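A, B, C and D label the chains in the order they appear, each numbered from 1.
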Amino acid sequence: MLSPYYIQLVILVGINTIMASSLNLIIGYTGQLSIGHAAFMSIGAYASALVTVHFNFPFIASLLFGALVATLFGLLIGAPTLKLKGDYLAIATLGFCEIVRIVFLNLDITGGSVGLRGIPKKTTLLTVVVAVLITIFVLNRIINSRIGRALIAIREDETAAESMGINTTYYKVICFGVGAFFGGLGGGLFAHFFRFIQPNSFGFMCSIEHLCMVVLGGMGSMWGAFIGATAITAIPELLRFLGDFADYRMVIYGAILVIMMRVRPQGIIGQRLSADQVSIGEKLFNRWAGMGTGGKRG
Amino acid sequence: MFVQQLMNGVILGSTYALIALGYTMVYGIIELINFAHGEIYMFGAFVGLLLVTVLDIPFFLAFLLAMALGSLLGVTVEYLAYRPLRRSSRLSALISAIGASFFLSNLALLIMGSQPFSFPNPFEAKIYHTPLFIISRVEITVLLSSLILMIALTFFVQRTKIGKAMRATAQDKDTASLMGINIDRIITITFAVGSALGAAAGVMVGIYFRTVTPTMGFMPGLKGFVAAVLGGIGNIPGAMLGGILLGIAEVMGAAYISSQYRDAVAFALLIIILLFKPAGLLGRPAQEKV
Amino acid sequence: MSRKSYWMIVTAAILCLAMAMVGCSPEEEAGVLKIGNVGPLTGGAANYGINVLRGIEVAVDEANASGELGDLTLKVYSEDTGGDWSKAANAFSKLIDVDKVDVIIGGVLSSESEAGGPIAKDAAIPTISPSSTSAGLTLDNPYLFRNCLSDEAQIEQMAEYAVNELGLGRFAILYTNNDYGVSLKDSFEAKAKELAKVVAIEGFMDGDENFKPQLTKIKQSNPDCLYIGGYYTEGAKIAQQAREMDLNVQILGADGLCNVALIEIGEEAVEGTYATSGFYPDDPTPAVQNFVTAYKEKHGEDPDMFAAQAYDAARIVINAIKTSGPSSEEIREGIAATWNFPGITGNTSIDEEGDTIKDVLILKVENGKFVRVR
Amino acid sequence: MVEPAKKHILYTNNLGRNFGGLTALANIDLRIKQGTIMGLIGPNGAGKTTLFNVLTGHYPPSTGQIYFKSEEISNQKPYVITSKGIARTFQNIRLFNQMSVLDNVLIGRHCRTASGLIGALLRWPAIKQEEEQARKYALDMLSFVNLEEKKNEWAANLAYGEQRRLEIARALASDPDLLLLDEPAAGMNPQESVDLMTLISRIREEMKKTVLLIEHDMKVVMGISEWIAVLDYGQMIAEGEPHEIRHNKEVIRAYLGDTA
């Protein structure tokens, strides 16, 4: 009844929802700007595809394996780099993503730049829907718990959070690990859907797409990640029906990031305060102390 | 061969150093990675190319005009994408910066297409042999002009009134504004100068590698940032040193490890530096304010 | 909560809209045979994709104008990939399910054909790529063909020519680390070792601009020629930087070098370069000259190898329709049966694996122009 | 100088801190008696907040040691020090703005609860119980500072005085033995200052906490402190009971300058 193309779109929306909501945990809830989420996707994709192809793992097992390998790398890279603040973390994750891509391009086992072909098609609409539901359930449980509260506190004010007894590095690493796990899961689903993977699709562009989904939908909102993933996946495909607009897709991504930050930093459905409302206390303090500029510190 | 590779590294590094200067100056003032800097470099190369090929303007004049237009673009980006977010969270500003970079490179791709444009060589092709290495006229030009620009910048920052105001603003924005320094103006000037250097680097790389493409800014932009971090971000001599060292590291990595992993070498170096000496080689450790 | 539900409804509406748009497939027009095209029309590889599409358009216009297919009119449906193979998979699906194309010419990049091939196979839609050279691409896929020079054939011609005619014997290889370059490097290394000596092999990443570290190493090994496994942009820069380093060896390459941009960028540095090619635009035969004229008229510039191979791929499809029939399965059989087809890129046959057997030309850059030497 | 003794909940030996070449703190021998309210005063830039930051582990000390409940805590991370029983507020209020008032206080409870990742996923009864108890404790703290009705407001939307009180409630939620308050009365009007003094006294009387506070408002400091230490240029220039400090020549000179 549904055409395969439409099913394919829904599957891609699902995979991207997993990618966006796991990245949302890192960016939107914990406030750590990671622009290398594609690295976890590619690690998950390659790891799960390789065990399927070479060791004939059952689908679920290979997905889990891919996700766990991605988690391992998430923890390995996260433990040291998460000490870094904002900008440095962003550039370190970007660097990590490029390193992963270059390594996959040069390894023999991954097929190098030619790519890995012959992966059996195992991802179906049903598996993707189940995976999305599990992802959202798990992330929701984490967010609405003691851990989630600690993560949001880190986003709001890392120094204050540490003063309140939160081991910020530990929680950031946990958040990175969970994000990497689901990133890897998304990658595994991706590999077993397309039956072919090649490193160049997991580059900076892919990370930016994920970031766009999170930002458009709304940082720190579960529905936001879903809506962002739907929009960013479906709109370019819809644009295929409108002809030449496709040319503007990448330009539009860039514009979305700039304009959203300026006009609606909370995203379409995010629920943040507007920027000039951020801290009455700080503003008062600044006025009282006779200082001209505010802005968050630390 | 070692000396030749060293020379290759220094020449490559001097282009990174020029890009790194723009990053380091902007970061020093507003603590933001200006991701769009790589695109300004690309823009500079295109402007230089169009001026020379379409309008037939003498090379040296085109070089200066490219710098001027590059700084205009830098200031525009600052005005549209960064200034409105000066009081928002760092995260918003950073995302906006990434968006601006992505926007500019893809806009260029849309307008210019992906076919590389060839840059006419304004210099006569000539090679000089020394006992230890061979160097071409273009390479000498690239090396010398980077050197001149760096010296000019150091002079500007250390000796002029605006330069002093810039350093004061980088140290402490609040105090600087109390001292009557117009912070907005200083930020604009910083972007203008940094972008002019980026555009200059673009033109020089254009004549060195002979092609200009809309996507040429991405990698060198990142490398320039790596160089800035390596030297100690916010530190002008550090950016120069970082650029040269990164160039040498990459070339040596390509020469003695594997040329396939050249970019990986640069990024691995970045991560290692961030972990073990986050202040870079010449930077002072920043004290977190509580 | 109410706001959440509001947005849920909005999302559902967007999805429904999507479904509606996807659902309303174009009406079946009688007497129209739909040719799909998949390739990068935007992004960093757009020049390859655009030229392929242009080549197809010339062939289709020609067939429609000449009436050689009788009542049947050809129509091209083109989809962009942006150079990303996962978008290519979407493009293949959309062409097959929504536009209901009968045959696809594409993808352009090897990774696009890798991702699209299985989809075309599932849907039993014949697909012929004009430019995906990746080794083993068409294996185990009876619906996937290609019309481009095989690396083995190019390598064999070039290596033998270099050794026997040019008297070269110390080969250095510099290749791009992508599907195109790696495959050339592997074949060339094997063949060159057989005939003479390989003294250096160096690689570089797609998009690199500075080749001096590799060239310095290569120079050290004292080769008498440099084989470039890559495209013309890199090729021109390599030639230039080699000259700057006083590495004045014979430069050899494959069809990736055969584009006027090689000479535009490389100028005097690429003078004397030899490259294998399937297409020689100055070939005086009427078929080639007609194509070059028609292409110039329609698109305002000279055709390159991509355009020519795409034109031939389209001609092979048209020939298959004429000889076998207009249904997808008949077209597949027709393409598979292609033997000694006189294309503008030489006589072309399709082997049992869907690969191409073609004549290989050797071109040389002389006085700023490609000249055919064999 | 008083020798450290059991009655001192926190004491430091020769504590110092440098920033580059700048000495922000030197030779600090601080003694805080269990169960007292102690004031820390000094002119702007004397190093009061720096001392707080060193005590709470934000800056590691350059010299000397810190002992809390007879255990050395120098060079510990802030979160470890908090779990050992020192909580603080900030000079420039640092609430978690986009969290509810209640969540802010629950964060203070973080180091007294233990549920982890698996617990968050499976939510077995003990986890729910722990969360429920934490919530109850947090609500008690909110009612202690009289903010119970505001528990679902966003912290950023509270009035200024309420934000100050919320910070105190958040710090109290970690059940500290020693509470460090950094200018709690800053920016308050006289009535609010009086209420604050009552609140601080109640923290000592009802909750049996030891309090160290930095304050510029002399009425507040002199009114509630039993012991006052004075910092100037990173040195402790005097300590004593409020009336002693009021008449101490060194202190007067520090505040009014050498000419006085």
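Brief remarks follow.
In the analysis below, a residue touches a chain if its C-beta (ideal position, glycine included) is under 8 Å from a C-beta of that chain, and two chains touch if they have at least 3 such contacts.
The structure presented is a predicted model; accordingly, all values stated were derived computationally and were not measured.
Shared contacts of subunit A and subunit C, meaning chains that touch the two of them, come down to B. Chain nearest the geometric middle of the protein is A, using mean C-alpha positions.
Interface comparison, A-B against B-C: more C-beta pairs in contact at A-B.
Summarising the inter-chain layout, the chain whose CA centre lies farthest from the centre of subunit C is D.
Averaged C-alpha coordinates give centres for subunit C and subunit D that are 71 Å from one another.
Once the centre of each chain is set as its mean CA position, subunit A and subunit B turn out to be 29 Å apart. Here the CA centre of subunit B is 36 Å from the CA centre of subunit C. Each chain gets a centre from the mean of its Cα atoms; for subunit B and subunit D, those two points are 46 Å apart. Shared interface positions of subunit B, defined as residues touching 2 or more other chains, are 109-110, 258, 260, 263, 288, 290. In subunit C, 42-43, 177, 205 are the positions where the chain touches two or more neighbouring chains simultaneously.
Shown for subunit A are the residues that touch two or more other chains, namely 102, 105-106, 159, 247, 250, 297.
Of all residues in subunit A, only 138, 141-142, 145-150, 152-153, 156-157, 159-168, 174, 178, 272-273, 277-282, 284-286, 288-289, 297 touch subunit D in the complex they form. Of all residues in subunit B, those touching subunit C in their complex are 1, 4-5, 8, 11-12, 109-110, 113-116, 118, 121, 125, 127, 129, 134, 136, 138-139, 205, 209-211, 213, 215-216, 219, 250-251, 254-255, 258-260, 262-263.
Across the interface of their complex, subunit A is touched by residues 3-4, 7-8, 10-11, 14-15, 17-19, 21-23, 25, 41-43, 79-80, 82, 84-87, 89-91, 93-94, 96-98, 110-111, 114-115, 118, 123, 134-135, 177-179, 181-183, 205-206 of subunit C.
On the subunit A side of its complex with subunit B, the touching residues are 27, 31, 33, 35, 80-81, 83-84, 86-88, 90-92, 94-96, 98-99, 102-103, 105-106, 159, 204, 208, 211, 215, 219, 247-248, 250-251, 253-262, 265, 275-276, 291-298.
Here subunit D touches subunit A in the complex through residues 56, 58, 77-79, 82-83, 87-88, 90-99, 103, 106-108, 110-111, 113, 115-117, 119-121, 123, 131, 134, 154, 156-160, 163-164, 170-171, 174, 186-187, going by the rule given at the top.
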